[in-house]
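Lettered A, B, C, D, E and F in written order, each chain numbered from 1.
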Amino acid sequence: MATLGFVEYKNASPEVQAVYDDIMATRKTDWINNFWKAIAHDPELLKRTWEDTKQIMAPGALDAVVKELIYLAVSVTNGCPYCVAAHTVSARKKGMTDKMFHEMMSVVGMANENNRLVNGYQVDIDEQFKPPSK
Amino acid sequence: MATLGFVEYKNASPEVQAVYDDIMATRKTDWINNFWKAIAHDPELLKRTWEDTKQIMAPGALDAVVKELIYLAVSVTNGCPYCVAAHTVSARKKGMTDKMFHEMMSVVGMANENNRLVNGYQVDIDEQFKPPSK
Amino acid sequence: MATLGFVEYKNASPEVQAVYDDIMATRKTDWINNFWKAIAHDPELLKRTWEDTKQIMAPGALDAVVKELIYLAVSVTNGCPYCVAAHTVSARKKGMTDKMFHEMMSVVGMANENNRLVNGYQVDIDEQFKPPSK
Amino acid sequence: MATLGFVEYKNASPEVQAVYDDIMATRKTDWINNFWKAIAHDPELLKRTWEDTKQIMAPGALDAVVKELIYLAVSVTNGCPYCVAAHTVSARKKGMTDKMFHEMMSVVGMANENNRLVNGYQVDIDEQFKPPSK
Amino acid sequence: MATLGFVEYKNASPEVQAVYDDIMATRKTDWINNFWKAIAHDPELLKRTWEDTKQIMAPGALDAVVKELIYLAVSVTNGCPYCVAAHTVSARKKGMTDKMFHEMMSVVGMANENNRLVNGYQVDIDEQFKPPSK
Amino acid sequence: MATLGFVEYKNASPEVQAVYDDIMATRKTDWINNFWKAIAHDPELLKRTWEDTKQIMAPGALDAVVKELIYLAVSVTNGCPYCVAAHTVSARKKGMTDKMFHEMMSVVGMANENNRLVNGYQVDIDEQFKPPSK
C-alpha cells in the first residue's frame, strides 16, 4: 500500500532504473524495498534521497552500525513503524547485536523521559552548558 | 529558573546530598547542574533518575560516547534546548569530535525527513522487514 | 475499530443525525467516514469539531486545496495514518495534483530536517527575525 | 549562540563563501542569517542544505508563498522557535498577508487537535480512503 | 514578543473587549495574559478558543484540577514552554499541590519512555486490548 | 509481532518469571500482555520498567484512575496505538467512565491545538507566569 502505488522496476523510467540499480549494487541485494518504490513517483526526490542516504550512512568518523543506531533512535522517538522495521534489519546487517539494541533502547527510553522532566520542571540552561555567542 | 526553584547542596536533606555526592564523584566535578537541583524537590524521582542514568549511560556493548550521541539525537529530535546544551557538553567530554557531531547531525536530519516521506507516501512494511510473529 | 465502536446513522440521536446530514450535504456524499462515527459518542465534541472544520476549511484568503495541503503537512509531521489517508483523498477532491503532492512532501521533508539542524546547532534567533515586543 | 559558534563571511573558506554569495544573490539581501553561519562548520551540509532549499522552495506547481506556509505549518507543529521566526519573515516577503497567516494557523491548530482525536478514539481507516495495494 | 504584537484592551474592538471582559470575570482577575492578546488579531480565533477553553476546562466528570493536570501533561510532552509556565500557575490556583505535580511528572516521564519502548520493540496490540469492530 | 519475538512464561528464566508472577499478582490476572513479553529479552529493562510502573501508577496524591488518564493523554499526544489500546483498557478497570474519557479527550485535543497557537503566534511568557530564579 502506498499513496500512489509502487513503481516496479520493469515499469520504471531509465532514470529511476538507474537509481534502483545503484541501490541494489551498493547493498548487494536483488530487490528494492517499498520506500524507494513509493517515492519513485517523484524521480527527483528519489534521486536526491538515495544520494543523500548513500553518502550520509557510509562509514566516516562514525561506524556504519553507529549511524544505523542513531537513525533507529530517531525513528523510535518519532514513532514511524516502517522506519523502525526497515532500519532494525539494516542495523543488524551492519553488526548490531541484541545487546547493542537493548542498550540503544534504554538510552532512547531514558532520553525521552528526561526531556520531559526538563520541560515540566522548566529547567534553565546552566552557564557552563551555553555555547559561545560568537 | 525552575518550577519549584533549585535545591542547593547546603539546603538539601542528607538523602539528596548523598545523590549529589555520588553525581560529583562519578563525574569527577565539584558542581551540580540545574537538572538535578530542579528535580530534587522529589527525592524519589532524583534518586531513580540518577541511578538509571548512571547505569544506562555507562559503557557496555556501546561506548560511552555512542550512548551520548544517541541521547543527543533524541533530544535534537524532540527539541529540548536544555538537553541539547547539556549533552553536547557531556558528549564532548566523552570524546565526541566535531566530525562525529557533524555526522550524527546529518543522520538525525535525514531520519527526520525520511520518517515523514514514509508517513506521507503511506508506505507499508515489506514482508522482509517484519519481525517474527512468535 | 474504534474505542467505543461506531455510531451508525440509524442508531444515532436526532442531534447526531443532524450533524451527519450537514456533513453529507456539505460534502455532497451519501456516507459518513469513521472519524465522525467514532467521536459521535460525545455529541458535543462531534458538533463542535464539525462546525470548526466546516468553517476553517472553507476557502477564504487561502484556497480550499491549500488548506488541505497544510492539514496534510501537519498530519504527515505528526504521523497520523488515518489523517494522512483521509486528507490525501479530500485534497485530491479539491484539486491536488500529483505534482502538488510531490512538492508539498518535499517541503515537509526538508522542514522536518531543518527544524532539527536548528535544534542541534543551537541557533539563536537573528535580531532581524524577532517580532515586535509590543 | 550556536553549538560551534558562527562562521562569518570574512573567516569562511572560498567554498563556504560561494554558498553565502549564492544565498545573498538569490534572496537579494546583503547578510547571512544565523542558520547558515551555524551549519557552515560542516561545509558539505551547508552546500547540500542550501541547494535543496533553493530548489524545493522555488515556485513550481505550488506558489512560493504556499510553500512557505507549509514550511511554517511544520515548524509550528514541531515547536521550533527559530524556524517559526525566520519563516514568518520569509513568508511575508513572498506575499503572506495577516489573513493568510490567520487561516493557516487555524488549520494547523485544528489538524493538531483532530490528529489526537483520531489517536484517542482509535479510528480505523475507511476502505474508501485506502490507497491502492499495487 | 508576539508575531503580530499584542492587542491591548484599550486598543481592542468592542468584540475583542467583550471576550477580554469574560476572561477576567470568569477567572476573577484584572489582567489578560499574553496568549489572548497575541491571538486577538484574529477575533474569530480568539472567540472560538476562549469559548472552547471555558467550556472544556470547567469541572464535569473530571475535577478542574485534573483537567489542568492533563493539559499540563500534554504541554510537557510537546515541549511548549509558554503553555507549561501558564498552566503550572493555573493548576496551582485550582488546587495542584507539590505532591500532585510530582506524581503527574513521574507518570508523564514514564509514559514518554514506555511509548518508545513499544515503538522500538515493535509490540503488536493484544487481542484483549482491541476495541470492538462495530 | 515484536522485534525479538515474545518471551513466553514457560521459556523464561526464573528472574523473568518472578517479574511475570508479580505482574499477575499485582493486577489479579492470569496472563501477561505483549509489552512485557517483548521487552523481557532485556531482563534488566523488564525489571526496572515493571518496578517503576508499579510504584508510579499506584494511588498517592493522585487517584489511580487520574494517573491512567494522564498516561493515556501522553500516549494519545505521541500517537502510540499499542499504548492507547492498552491503557484505555486499564483506565476502564480503574474506574474511567465514558464521560471521563470524553472530557479527557477534549482537553487533550484543545491542549494540542493551543500549544501550536502559542508556537505560531510566538507568545512570550508573562512575568506573572515565570517561576522563581532561585
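Going forward, a contact is a pair of C-beta atoms (placed from the backbone, for glycine too) under 8 Å apart; a residue touches a chain by one contact, two chains touch by 3 or more.
What you see is a predicted model; the values in this text were computed from it and never measured.
Visitor: Given the pairs A-C, E-F or A-B, which one repeats the contacts seen at C-F for over half of the pairs?
Guide: A-C
Visitor: If I superpose the C-alpha trace of chain C onto chain E, what rotation angle comes out, expressed in steps of 5 degrees from 0 to 180?
Guide: 180
Visitor: Based on CA centres, what chain would you say lies at the far end from chain D?
Guide: Comparing chain centres, F lies farthest from chain D.
Visitor: Could you give the separation in Å between the centres of chain D and chain E, each centre being the mean of its C-alpha atoms?
Guide: Here chain D and chain E have centroids separated by 27 Å.
Visitor: Please compute the C-alpha centroid of chain D, do the same for chain F, then give the distance between them in whole Å.
Guide: 34
Visitor: When the centre of a chain is set as the mean of its C-alpha atoms, what distance in Å lies between chain A and chain D?
Guide: 20
Visitor: Two-or-more-chain contact residues of chain E, please, as numbers and ranges.
Guide: Within chain E, residues 1-4, 45, 52, 75, 77-81, 85, 88, 102, 105-106, 108-110, 112-115, 117, 119-122, 130-131 contact more than one other chain.
Visitor: In graph terms, with chains as vertices and touches as edges, which category applies: line, ring, star, complete, or other?
Guide: complete
Visitor: Contact residues on chain A for chain D in the complex?
Guide: It comes out as residues 1-6, 48, 52, 130-134.
Visitor: Using the touch definition up top, name the residues of chain A that touch chain E in the complex.
Guide: Of all residues in chain A, those touching chain E are 72, 75-77, 79, 81, 84-85, 88, 104-105, 108-110, 112-117, 119-122.
Visitor: Going by the contact rule set out above, which residues of chain E touch chain B in the complex?
Guide: 79, 88, 98, 101-102, 105-106, 109, 122
Visitor: What residues of chain E sit close enough to touch chain D in their complex?
Guide: Contacts found on chain E: 3-4, 41-42, 45, 78-80, 131.
Visitor: Hey, which residues of chain F end up touching chain E in the complex?
Guide: 1-4, 31, 33-35, 38-39, 45, 49, 52-53, 56-57, 60-62, 66-67, 69-71, 73-75, 77-78, 80-83, 85-86, 88-89, 97, 99-100, 102-104, 106-108, 110-115, 117-126, 128-131
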